[in-house]
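Given below, in the form of structure tokens, are the structures.
In the two assemblies presented below, chain A is common to both, partnered first by chain B and then by chain C.
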Partner chain A sequence: MLETVYVLGGGQTRFGELWDYSLTDLIREALDQAIGNTKILPTDIDTVVIGNMLGGETAEQAHLGTLVSGLLPHHPPALRVEAACASGGLAVHTACALLESGKAETILVVGAEKLTDVSGDFVSRALMHAADAEKDAPSGLTFPGIFALTAAAYMHEYGITRENLSLVSESSHRAAVKNPYAQFRKEIPANVISKSPLVADPLRLLDCSPISDGASAVVLSTRKESPVRIAASSLASDSLSLTDRSSITSFESTREAMNRALKESGLDRNVIDYIELHDCFSIATLIHLEDLGYADAGESIRLFLDRDTEANGSLPINSSGGLKACGHPIGATGVKQVLDCFKQLTGQAPSQVKNAKRALAHNLGGVGATCTIHLLEAL
Partner chain B sequence: MLETVYVLGGGQTRFGELWDYSLTDLIREALDQAIGNTKILPTDIDTVVIGNMLGGETAEQAHLGTLVSGLLPHHPPALRVEAACASGGLAVHTACALLESGKAETILVVGAEKLTDVSGDFVSRALMHAADAEKDAPSGLTFPGIFALTAAAYMHEYGITRENLSLVSESSHRAAVKNPYAQFRKEIPANVISKSPLVADPLRLLDCSPISDGASAVVLSTRKESPVRIAASSLASDSLSLTDRSSITSFESTREAMNRALKESGLDRNVIDYIELHDCFSIATLIHLEDLGYADAGESIRLFLDRDTEANGSLPINSSGGLKACGHPIGATGVKQVLDCFKQLTGQAPSQVKNAKRALAHNLGGVGATCTIHLLEAL
Partner chain C sequence: MDRIPALHRRIKEIGKTDSENGRIVSFTTIHNPPAGFGSVPYAVALIELMSGKKVLAQLTHEGLTPAIGAEVTPRLRKIRTMGNGLKVNDFKYEVVSASTEPVFNIRAYVLALTGPSGVGKTTITRSLLSLFSSLVEQVPMYATHKRKKGDLEPVVLVSEEEFDAKVKSGEIVAHTVLSDRSDYRAGYRKKDIDAIWKRHRLPVVNTDIRLLDGLAKSVGREAILSCGLLPPGKSKRRMLSALLHRLRSRGLDTEQQILDQLKAAEAHLDAFDSHSHLFDHLLINDELNECVESIKEIVTPVK
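Right after this comes the complex of A and B.
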């Protein structure tokens, strides 16, 4: 990082089916929470960055940067960024660039998505805009279908079972019980997950993150100090279509983003105390942990069998509930991950990891087509 | 600027109703042109930024950064930005921040839009996503309707005539004749413009920029040198809705972006030799010239009455044909403006301004809700 970028804090709405909220309502609440929690003045914000994927399709609203700016009294310069489900992480990354370039000193980063005002079929089709419209969508694939292909290949290659997959979702649901912002605050045992309705073989309903509304916001600054800084902000891309990959059980974008982040920060992966992982599907969690270098290929299930991923385990992951149980309002997810890492490093997390000093937020777009990684460090 | 950002050059497709091209085809052609014209290797590009507004709505394709990245052999990190019709200028601005931050050294900036594969009604409604979905769209307003309100107010306030407005479009059409990339290469006299079909009183069909397909690309670098640099890159926002403004005959975002650009560059507005202006509607041209400080309020029509805006005049504007006659593929426009400024500064413009040393690209989103300004300087 060319400059020290401090995370001042942030706020979020509850994630869920929020039928009483418009997209603007969601953004306003996250913005108010962020300003209230960080105790900055609205006019301290000199730039706004928002991550959002489907504002035009699901809320008839593009041009969201300026919409957020208009909620502030002084209309600061504003932009929207998009990289499908990695839109939130991309917003944080873009904000870091603006801060490091000197173009901004204090940025409000917002992530937001409103998905439940349209039908499930409409959302499924709109979400497929994250894949390749010429190579993937015409075959009738949906995202559960795409990840089902990776799950089938992974299970075949490494011999894990259907019951193994359920342990991943069980862990997320157990964690979310304590998170007041989570969409599903209910423990669900693995055997129930294994018997939930089939979506795309071998994936079942409770392997999949839900359709959610929600917004989140963090304030980043080079001018105002805080006990937490961003130690690295990395972005990596891969082919949009899974059909252009040599392997479908590993995502090169995660590997590259992790390498870039470790290099930028000078940190070793073993000093990370907490991970917010992009668990869009149970199988994705297993793949990500291997791509991040925390398990050998085919071995990550052991972390769940041994309960290493719990808040008091050796590799705490998604104590917030993750995408699976906290919810996945597309653009909001990546920003909320950074907020949850901040909470862990400042002792404010609902399931607190003891003495957490460094945290990692991993946000994925498409089927590993975009990856952002942010490393946060307590000072 | 924290670093010297060089403009290495670029390329574009023809703008128009390009029914044989998909969105990906358009992007591929602009990318190939840009790489060919700048003589860089594809692998010199370490980051991709694309400006696009309606990929999801009109081409079922979001996640466009990664789509562009996938057209390159090495899949560099990529992002999409959006600020309605200012998406292209915003892409250049974001690229400047990434270069100044040290996160990138050579960036391919693309602008692209595919609008003619869907109906005109569908596009009109999708374009309204650039305005406020809660305050503007429900009233039935379209963009021609919004700019008609500004035109009526301006004509009432300053006493210009319907025939005056036609001079603005006449000038753009005269210029576009020489531009091989222009959508309309035909002179249209003012009296024909005044009699063209009424769209939204007082605006007629030939006051309005067209619905266009197209893509454009420029390569910016801090590592490779070139005879042209970016002297300033500014971004400003205003309220999304016109209903929240104190005046509708002047756009504060243009004024603020211009002040920021002049301050950043240390240049005076009088040293600018060429302007690419966001002439989405004839009335917008008149307002912009006043907001940029090149005419007093209500006086800019004199520049057209005196033909000062021709390539050999005292204030050359839109010798490319501008949005009106070269075309307006939303996300492509702001990038193409920077490309046309580059051509003027390197003696490659179809209507060349003699000894042009400094040029300005002015890109607007919504009804003055976002403005980007880029100042380019020959070294």
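Right after this comes the complex of A and C.
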């Protein structure tokens, strides 16, 4: 990082089917929470960045930067960024770049998505906008379908079982029980997950992150100090379509973003105390842990069999419940991950990892077509 | 997708596309179709075509049960009906060969040697065979053409029709069109590999990257002990110049053939990076004995 970028804190709405909230209501609540929790004056914010994917399609609302700006008394300059499910991570990355360049000093970063005003098959089709419109979508593929293809290939290649996969979702649900913002605060045993309805085999309903509404916000600043700074902010891209990849059981963008983040921060991957991982599907969790370098190819299931990923384990991930159980309002996710990392580093997390000093937020867009990684460090 | 000009462009593209057979890389059944695709579940597969290009497409309801590695052939079929009643046709693929289930168990494996032409695969294989004649046996390659005069590889020549029939029946488990000759097809028979195991020996394949990829997909990556062979040299340029020297001193090819092979070798060296998941070990073939010795260390006898 060219400048010290401090994370002042933030806030979020509950994630879930929030029929009483419009997209604007969600953004307003996250914004109010963020300003309240960080105790800044609204006028301290000199720039707004919002990450959102489907405002136009599902909420009939575009021009979101200005929409957020209009909620503040002094209408600061604002912009919206989009990288499918990595829109939130991209918003944080964009904010870091603006702060490092000196274009801004205190930025409100928002992530928001409103999905439940429309039917499930409409959302399914809209989410396919994250894939290649000419190569992927015409086959009638869905996003669960795309990850099912990676899951089938992974299971064929490494021989993991249906029961293995269920352990991943089980651990997310166990973690979410304590998180007041989570969509599903309920433990679900692995055998129930293995019997949930098929969505796209081998993936079942409880392998998939849900369709959620929600918004989240963090405040980043180079002017105001805080006990947490951003040690690295990296962005990597791969081909949009699965048909252009040499491997579908590993995502090059994660590998590249991780290498860049480690290089930028000068940190080793083994000093990370907590990880917010983009667990959009159970299979994705396994692939990410291998791509991040925490397990060899085909071996990451070990971490779940040994319960290493629990808050008191050797590699705590998604103690918030992750996308699976906390919910996945597309654009809000990447910002919420940074917020949850901040909570872990300041001792405010509902499932607190003891003495967490460094945390990693991994946000993925499409089937590994975009990846952002943020490393946060307690000072 | 429901926009008429977009459909028009797709129809034009279909008209230009050669219909090619392919192999299933992975497949799934969509139980919750997106808007516009009805409500009946359908199977979608990622397919690698003979040319190496990959496509995502639905599978037809006719044909055999899909499986990873199974052979498919394209058919023009109705894929959906639009809101205005217009029926949309596109390629669906029909499974035509018996599924190639993973046939090898993990304890028994195949030793695969992969590397660019001239790196010394044949020499190393022959050296392994003579040193460990009671342990190692080479898997014969089935091919439609002899690669070139003086080639020392054991090749069983079959006609193109025969080759296709063997692929269709599942007798040949991995096959490819070799990149430099569109009519040159090569592959391995499951029967030959099984027979070598029955004799409690280790099958060796002397292969190229596409054939290796095919083998990994049809028999399971874990059943292959895969060694990539690199020419000596600290940089890619030096490696290629070492190859050039070897190819020339071998005296089998014309200068043009050598240049073509060098171009292929460059792609091959890049493939060691882009397909690193296909390799367990990368060995530099500098000194023959050393290289054979490292392979000996890597290989443990088949139980």
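What we mean here is this: the second predicted complex is superposed on the first by the 379 of 379 C-alpha atoms of A that agree within 3 Å, B and C clash if a C-alpha of one lies under 4 Å from a C-alpha of the other, contacts with A are read in each partner's own complex, and residues count from 1 in each chain.
The working rule: a contact is a pair of C-beta atoms (placed from the backbone, for glycine too) under 8 Å apart; a residue touches a chain by one contact, two chains touch by 3 or more.
Only a predicted model underlies this, so the values are computations on that prediction, with no experimental measurement involved.
In the superposition on chain A, A:192 makes contact with neither chain B nor chain C. Of the two partner chains placed around the shared chain by superposition, chain B and chain C are both touched by A:133.
Partner contacting the larger number of chain A residues, of chain B and chain C: B. Legend: residue contacts after superposition of the two complexes on their common chain; A:177 is shown touching neither chain B nor chain C.
Contacts of A:267 after superposition on the shared chain: neither chain B nor chain C is touched. Contacts of A:238 after superposition on the shared chain: chain B is touched, whereas chain C is not.
Of the two partner chains, chain B is the only one touched by A:102; chain C is not. Residue overlap on chain A between its contacts with chain B in one complex and with chain C in the other: 128, 133-134, 137, 241, 244. Those residues of chain C whose C-beta lies close enough to touch chain A in the complex are 1, 10, 25-37, 42, 44-46, 53-58, 68, 79-80, 90, 102, 216, 220-222, 274-275, 277. By the touch criterion stated above, chain A contacts chain C in their complex at residues 119-122, 124-125, 128, 133-142, 144-145, 148-153, 156-159, 197-203, 241-244, 246-250, 297-298. Those residues of chain B lying in contact with chain A across their complex are 2, 22-24, 48, 53-57, 59-67, 69-70, 75-84, 90, 93-94, 96-103, 126, 128-134, 137, 235-241, 244, 365-366, 369-370.
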